[in-house]
């Protein structure tokens, strides 16, 4: 009996979380005049809203921009983050614990204080209106370093010693030995970094004003806030739908990895 | 775990590979981030010209530039639509900071002129020998006065104007028993009383007298408070003789009028973004708009929809022509230009009589030229476009914005008080106007 | 012996080499901005002109700035609604999911979907859901015979509306976190309590809650930090209105810096917001940690 109650409640909540997406999908496929109300069955299907979006904004280009930026950041974080994690875990050098302490400290720094000076830095470097401003500041991520370090500490020191005895360089040890042994961590860091980079909007809004360089969420946000959508709700929702689509697709395929990765992100404390 | 004996080569490969990855990334990004800057080479001079990025103005610019390049092979103009972005102002600012400004820019909002002039980024045009005759031939005395910055110098060519008028739904006007569009606040309110209704009986109003965006964005006020203030004050702006003095009875009257309109429900408090164009679909009867509405309406209006334009309403007892806000755009020359003389020649060409006609025909925007409706060159255009003629006549009685480097913030301060008082009725108009002016003075003094 | 020294030096060089990218990055993108912010807050600067010394002017302006305090108040309203709502819903659903039920993966995946999707998508979607006249929620309310509410145009309702939307978006993450926490509670504790005749509610209160305290702390702290980072939601949905009731910290900084180009003042705001976040999180940590009996 109680079990049925559980199921009912769980299903109600599933509806609460999924129905809005279904509604949004249906709204984007309807003629503009019919949008409103909570039904999800349109009288007829039309792609007008989507056509309008593609005509007005370079959304495909923005998608590619986001893809490029997020991939680059992820690649950078994986390589550099694992390097530093490795150094902190398995390399002995003076000042190692100092670096680690600094790392922990920077994680507690609220970004509000750095935002404006960092923008000014971008201006001085002439990196505004370029991918550099979107990628380089995110290359190093303290959280990923900690995750890597944590995991690398669990790999037995003997392995490292043996490899060194054999004459392997530290690079080799890291990328050829540790990486294969850290696939779950790599996936976790990759997913978190990719998603965070993909969804980042405030920073792109600040450093990029040229439409062809905008990231996808940024372009859609500006499209909706500015007057370009000509007050057409279907068009705005279509833009949002296009923005959500890549993530939803990736999510349906890899959902287990998504959930586990992002759960780990909360467990860092 | 089986370890094969590595050789030095493979980890150099690793170094190279990860290094190459980074290098490739860097090169690719640098490549994409290269921007065009005006160059000079030998005897031929190249000028960079930025125009607005909407299709009409791109076409116009292309036409003008092609013609110029044909006639002046020694001064080549490279036209580039300003990179379309979140706001052209931000792009211009970025270019000023990064010293990548064009020679000529034609989409400058005059409100920014003081900011850039004070930062010494603009060429003062009156230092060109033929400026005075140019200005006299183009501007009416009122506009001439408006073209001068606080230091008495002129930093821009006033190119075009979009005067704000009141679009109204002809059918409803007559159905509500009115034979002319409302000219005073009294008439407007009376009409509002009749028109605002709940037509489908669901207990919620679904037809309104008019609408203004309730967003608190600073430039929203151009389409309600500022326009009405200019009309009600007979052509005054916020600043008079260098002093902020808009806290007067006129402002209070405007605030009160709009506050009444909201409190009686004649304007909706909703953002109206969540549905299709309210005016064209007969959801609101009037709207304060510029000439762009003509093109928009013709394109999207439903069958049988009839509309026209009239000057915005004023309080009772006003006389003389009705003034309004004219959303001007200016042409400027940036100081970084290496060829200011040639840039000036091109800039003048942009606003020649022939090109002003092109402006009308290709973009349906009004050049800020005196005597537009009497000039034989333009009369045919206005005969073909009677709606535009209304705006052209209104354009003779326009005002722009004042010269202040903190103009946006001043409008933001007004917007805040506007929102609190007019839209939400939280404070009386007198208090709102007083506070707005106080804040505006504070902002200006903080310079 | 030689080999050992050689190995150590090799390690040390590698260590420095590996850490150097971090160091450079830290210096350029963290240390320098941090130091520069301390310079900026004493200057007036609009980016295109030269920097002007302003002494304490920015601080005085901040102390008098009712919008600054308003934004903090708004954030507090947001947190006061968002955090309890989130905890209650997340804990409830995690409890249910922790039972022996089928399709757990499916439920978990559907709750989690709003989490991965961009905030922009959620904001646009909810802007329509909250629409006054034809919005989905109001249509539903009307159908049920209730009053249509002015979700985003009412001064009192706007921020709570955003809080509700934020809860909808994020609760999936916290369900998962709570689930992990719940699953780590040893079953033996429950069994012992059963034996002693403790009711389900008593078990929950005296075993579950204390055991998931760490997770609870984490949820509160993450949500608080999130609350002070709120930007895209008010930016897209309300522009900070009505009457600044949804003006968030970051929105205000953004406005001062990029609408009015008051770089010095914006940096000052950023500085003080950071201070507030820091203090609030510190207080939360102290308060919650002192309550853990174990």
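A, B and C label the chains in the order they appear, each numbered from 1.
We take it that a residue touches a chain if its C-beta (ideal position, glycine included) is under 8 Å from a C-beta of that chain, and two chains touch if they have at least 3 such contacts.
Just so it is clear, the structure is predicted and the values come from calculations on it, not from any experiment.
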*asked:* Which label fits the chain touch graph of this model best, line, ring, star, complete or other?
replied: complete
*Out of A-B and B-C, which chain pair has the most contact pairs?*
A-B
*At what distance in angstrom does the C-alpha mean of subunit C lie from that of subunit A?*
16
*Indicate the whole-number Å distance between the mean C-alpha point of subunit B and the mean C-alpha point of subunit C.*
37
*Residues within subunit B bordering two or more other chains*: 90, 97, 273-275
*Pull out every residue in subunit A that's touching 2 or more other chains.*
35-36, 123, 169, 205, 233, 236
*In subunit C, what residues contact two or more other chains?*
47, 127-128, 131, 133-135, 239, 258
*Interface residues, subunit C side, partner subunit B - complex*: 46-49, 57, 61, 127-128, 131-135, 142, 148, 150, 152-153, 155, 239-244, 258-261
*Taking the complex as given, what residues does subunit A use to touch subunit C?*
3, 6-7, 9-10, 13-14, 16-18, 20-21, 23-24, 27, 35-38, 80, 83-84, 86-88, 91-94, 96, 99, 102-103, 106, 108-121, 123, 136-137, 139-140, 145, 164, 169-170, 195, 198-199, 201-202, 205-206, 217, 220-221, 224-225, 233, 236-237, 239-241, 243-244, 247-248, 251, 255-256, 258-259, 262-263, 266-267, 269
*For subunit B, which residues are in contact with subunit C within the complex?*
90, 93, 96-97, 115-116, 118-119, 121, 202, 204, 206, 214-218, 269-271, 273-275, 405-406, 408-409, 412, 416, 419-420, 423-424, 426, 446
*asked:* With touch defined as at the start, can you tell me which subunit C residues reach subunit A in the complex?
replied: 7-8, 10-12, 14-16, 18-19, 21-23, 25-26, 28-30, 32-34, 36-37, 40, 47, 93, 96-97, 99, 101, 105, 107-121, 124-129, 131, 133-137, 139-140, 143, 168, 172-174, 176-177, 180, 214, 217-219, 221-222, 225, 228-229, 231-232, 235-236, 239, 249-250, 253-254, 257-258, 263, 266-267, 270-271, 273-274, 277-278
*Okay, in this complex, where on subunit B does subunit A touch?*
1, 3, 5-6, 8, 10-11, 14-15, 18, 21-22, 25-26, 28-30, 32-33, 35, 83-87, 90-91, 94, 97-98, 272-278
